[in-house]
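Before anything else, here's the structure in question.
Letters A, B, C, D and E mark the chains in the order given here, with residues in each chain numbered from 1 onward.
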């Protein structure tokens, strides 16, 4: 139960933050997430074929420099609750106000918008955190010439592999342009959706076993929250397929022909993910069905025990009741072996009943 | 129960008013809402970058003036039961009879129609009223050059935020054209749909808890009315997405390129709303499923108690019945410790049964 | 039950009449309805802006005259079982044999076919008849230049309002062309679908209350027939939307630009009707769900009574049985207050049980 | 039960014959049906406006003659298990090997393929055979200039009406070209689908009544096989609509403009059939729902009887048990009217219980 | 149970291997299947109209030769866990790295990609293995000029028939180009899907019988795993239809006009397969429904037995209890035939009850 509540909170939070924006003008930059703690932190990974450096600029003005650097810069901003800060960075890179609004709007559904000089994308990073729970984090990415801006809510992310490949010159990433970096990050997000699917797969299997063993109402509750979780995750994952498809068809000059080939590969993955989600959804529904059928089965078993006990002993008790009557004239009572005959008859009835229920396969 | 009925009434009312229009010529202007009380009331907010005034013209003829004012006018008419009045205003602003019919037809489903000189839209404002109930109000809006006409049923509305922004010069609204005002009003309506979603979310969560605690038939009833409510609200909300989409693609000269950018933002919201509605619908269905499974569980529990009690005591009673028989020749009866042996045997059977049910996990 | 059967008959009738056509050549004009009674009856309403007359021509040949009259003629034929008669009229107005076949084929699903000189439409008039039952009547309409032919099965129809408007010069009908008359009739048919919806709405509400009060199997039966009724009505109503849409897009010269504007209004209505039908369908499904859950609830209640009674009295009876045994050596029996102690113990057990069930909320 | 199995066989047979074709080259002509008995039999109906003869050519070579006859020839081949024979006829009429494969492949789903000189169609004839069971028969038809080839599995078919019309010069068939004959045969197949629908309708009604009367598990079984039957029939009927639609849009010179008008009529029928099938499917699902609800109702009734009996007599038995105890000091036992007082009290309890259950509407 | 687990493993394996690829660069060639045992093995079937040889080249370099041979070569590689080996072959035949990645990615969903010089396809071979279980094997095929490369996981495959036809010159395969070989292999894969369908059909029928006989919870479990199996197989089979369709529409020069005719035939098969899968899915759902209804039925039966036993004997026991009371003044006890009168009365009640339950059809 405790688990369920923890997972449920983030969804709730998002909904209720909406209120704070009601009546505000569109284009107002308002962070929808958790405001406590965290100040924004910038880390810049600047690289080309030959070299690769990590910068942590103290002053905002230093960031500007990387925009025009001949190397590829991956500007990573963690923490979105300082809207002013985000706005300033946005200004420096020439980004539209509506885009800035979407960067801090953690409710924003996945989208990709193309602008003249840049491509803007919003996604949900999904991963299993240290408490073995599913966590969803809003991430916004802007692809510019020779530069990719990444805005994320907290430090934890799914980009470790990409950082590694850049730092250690694995694969082709160091020799490619910023569009490949953008793709690599998107690919990392999508690849992590598979981990979420595994998480669901595991949960379904565990529940399946538990439903089969002992269908308690707690399990029904857990199945229902699993269904809700899948429903909600689907909403974040599902649109990605179309977005990747649109990127492939896009004629924006920032996306190279080569990168499109890789995007096609990512498209394949999104297709597979969507199909799996659909299957997990149907499987979670089957779980509930299974649960109901097992409940009915248990009930059946309970009823059989009751029926067998009652059907055997109620008639026997009746016979005992007969000979417990106090009539003056009950000849059987005074026979020598009456008692033993009755006991024998009762025993025969008892055995007869057992045989009867055996043939009915109730025993 | 009382609550349910209050909410149910408005839907009923609408359906039954239909009768009054049967057989009338199309284009006949007939108000479908509640006719009691309320006379129409006009309030005009006239503004430009520099100034902003609120007028409440006494005579109808004065309204004409605002049509041709160089400032932007927001003509707000409250109360639609005076069809003559609506017709006169319509004439003054050169609006088609069929449009006037739709303005007062509170059954009209959401729509946007483009005419040569104006754009006409009908929507449902949804909000939670003071009784914490969901209220739906018909609203019609006409976008003209430098003027927006708004027709609403009652005083209560969701435009307070927009009025504020105009009055206090928040955001960019005062410096924009009438199409932006039209958009701002539409945006306010759409934003309020999120409140309705939260209302549903809250109701679902409360019901979830109650279903889990104690599944009474009242709860089943409430789940069903929630499902009905969602079904009906969906009908008002769902078409909005397509309407906004059409506005974006529209080539009507009244809608500026800038406003379209903002409309795209609103489109995102309608998408999110429709997805949420879908999720709430599925969750309300799961609620019913949950309810049924909990009922079955309770029944199971009841049956177990019965079975345990009966299975333990019926055989014991039978044994007591045996030794209550009045046969002359029952040797056990005359032994010194027969009674205590039987009592002991009964006790052992009792304990045996308890152990048996324990191993079956029924206890 | 009686009601259900009456409604069921017309559907049955239609299916079984099919047999009479098996093996016949296509284009054979065969009336599919009830052949008893009724001979065809013709009534012609001839009107223009200035005047309006009602003719009931005795001889068939007189009808021809109205075809070429400069006024608008509404030729209304009641009764389709005289195929020869229908064929003759068809010939007079230059109508294709396949069209004539569809006129008398009361199984024909709604359709609109455009021919060079005329437009042919088949619809179902639905209304609530005097027995408060839903009645469906086949109606075929042909739009010619300055003339509309209407073929209907029985006298009863939904065109009273249109007749009124023509006779009393209400609205614009008298000043318009035959296409407007065609539209007005179609609009009358569509408007009456709202009455059918109200009928469904009412039935659903009544059933909802009854399900809640006392879920008998008769109610389940009624819910199922309601579902069937909705299914079947939907089949007649649903296609109308697309047909009206096609009329609007049609470039047939008989349909004026003005009339298309009104048709767009009718299209809105058909949209609303289809959405409502969908909602009523889902509501009728929910009814069944509600029914099942109430049945389960009742069962639960019954089981609780049984369990409480049995759990309380079976152990008590057992104790009484103990002291009813006839052992010689049962010391308790011979104590002064043994009886009263046992009675007291029983009373305490009784109270204890009540308290236990109270805490379990079974009482 | 016997019935179900008989119907199930043909489906089974088809699936298992598949094996015999595994690994064979595509284009191999292999009959999939029942190989026993039956040798192929050819009957040719040759006709024009003036005359009509039936030929039964003994030698295969004679058939060639009819191909080039100036009259219309309807070449009807019964029995497909002699693949050599079919191949020879195919060669004579210049038919592609892949077409021949489809002719004998009784698993082929309905299709229409256009070739340069002919049009090839495969359909399922459905009819109710003498055992009142639904029978499905594979039929292949080839439309050539002045000739139609029909291949069918067994003698029984649905073309009697067409033969009649040709023989007795009913309708227009004798004066029309081979495309009209092709259409007439297709129309006969489609018309017979209505008989199948009636069969389903009848079955549903019978089951409905039986479910209502006495829901045994046999009925559940029959409902399920009805559902399966509808599912499988739908697969043969459903594609026909699109096929007819494609014929209408086809520009093949063999299909005259006139025939297309008639095909449009057939299209209407296929539409109606598909809608009905959909309705019957939903009705068969409702049947199962009805069944479940009736089972629950019966259970409820059973439980009520048990509860009433137990609730009345268990407490009474307890009281009797009290006064059956053997305590020495039980003052009531020795009063003059104790017995009668207790009897009276028991009677009052009995009546009280009855009243209680009456108010609960359990009696 | 054992069976279920064996089948479940391959799916599990695939999911969990995903992890090993997380964070790797796209285009990395990583085998996803079972790594134990198996080294890659190459077999080349080289043939033309006149001759046909089977080669098993020891050195990789020898394979190159077959690429440019004037004969048709079918290069068959078994075992994908040696990525280096696959990469080398890929290089020799000029295949893209992304293609190589898909070849060893056993999770790849079915797809066909066209490249300038070759066509690449990935499919799932499905067959029933020796343990009578459903097995799924990843297969990748590359169509080049005069050469087809086939990559498969293990030795077992569905191509025996094709090998036979090539070796023994059955059908037209020896006289056709490499595109026909590609088609023949694809056709073999598709044809084998029918075997899987039969497998499902058989399972459904067996389960149907078992559900009817004795609905245990094991059966519910098996139904659910069947549903899962169908869901998962559908995912591999379903996309094939569209892929074949795209091949037919393709304008790639490697696919001859002739082969397209055969592909159209394969398209028909995929259509039939998809329809059947849909039907089996609905039938597996019906199975669960059937199961639930049978459980309810059994419960009903159990309840009836209990109710009959209790209703008959509880009142009788009560009467016996009455005359077991120890009141001093119970006149009936002292009558001559009191006992026999009571016994008679009890017998009458017993018979009365039986008659009552008989009329209620409970017996």
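Observations
Here is the rule we go by: a contact is a pair of C-beta atoms (placed from the backbone, for glycine too) under 8 Å apart; a residue touches a chain by one contact, two chains touch by 3 or more.
This structure is a prediction, so every number in the text was calculated from the model and none was measured.
Steps from subunit A to subunit E, taking the shortest chain of touch contacts, total 1. Taking only C-alpha atoms, you rotate subunit B by 145 degrees to land it on subunit D; that is to the nearest 5.
A separation of 27 Å divides the Cα centre of subunit D from that of subunit E. Centroids built from CA atoms put subunit E at 44 Å from subunit C.
The multi-chain contact residues of subunit E, meaning those touching 2 or more other chains, are 292, 296, 299, 303, 306, 310, 314, 317, 321, 324-326, 330. On the side of subunit B, the complex with subunit A involves touching residues 160-162, 164-165, 170-173, 184, 187-188, 191-192, 194-195, 197-198, 201, 208, 212, 261-262, 265-266, 268, 271-272, 275, 279, 282-283, 286, 289-290, 292-294, 296-297, 299-300, 303-304, 306-307, 310-311, 314-315, 317-318, 321-322, 324-330, 361-362. Residues of subunit C that touch subunit D in their complex: 12, 15-16, 18-19, 21-28, 98, 101, 107-109, 111, 214, 216-217, 220-221, 224, 227-228, 231-232, 235, 288, 291-292, 295-296, 298-299, 302-303, 305-306, 309-310, 313-314, 316-317, 320-321, 323-326, 330, 332-339, 342-343.
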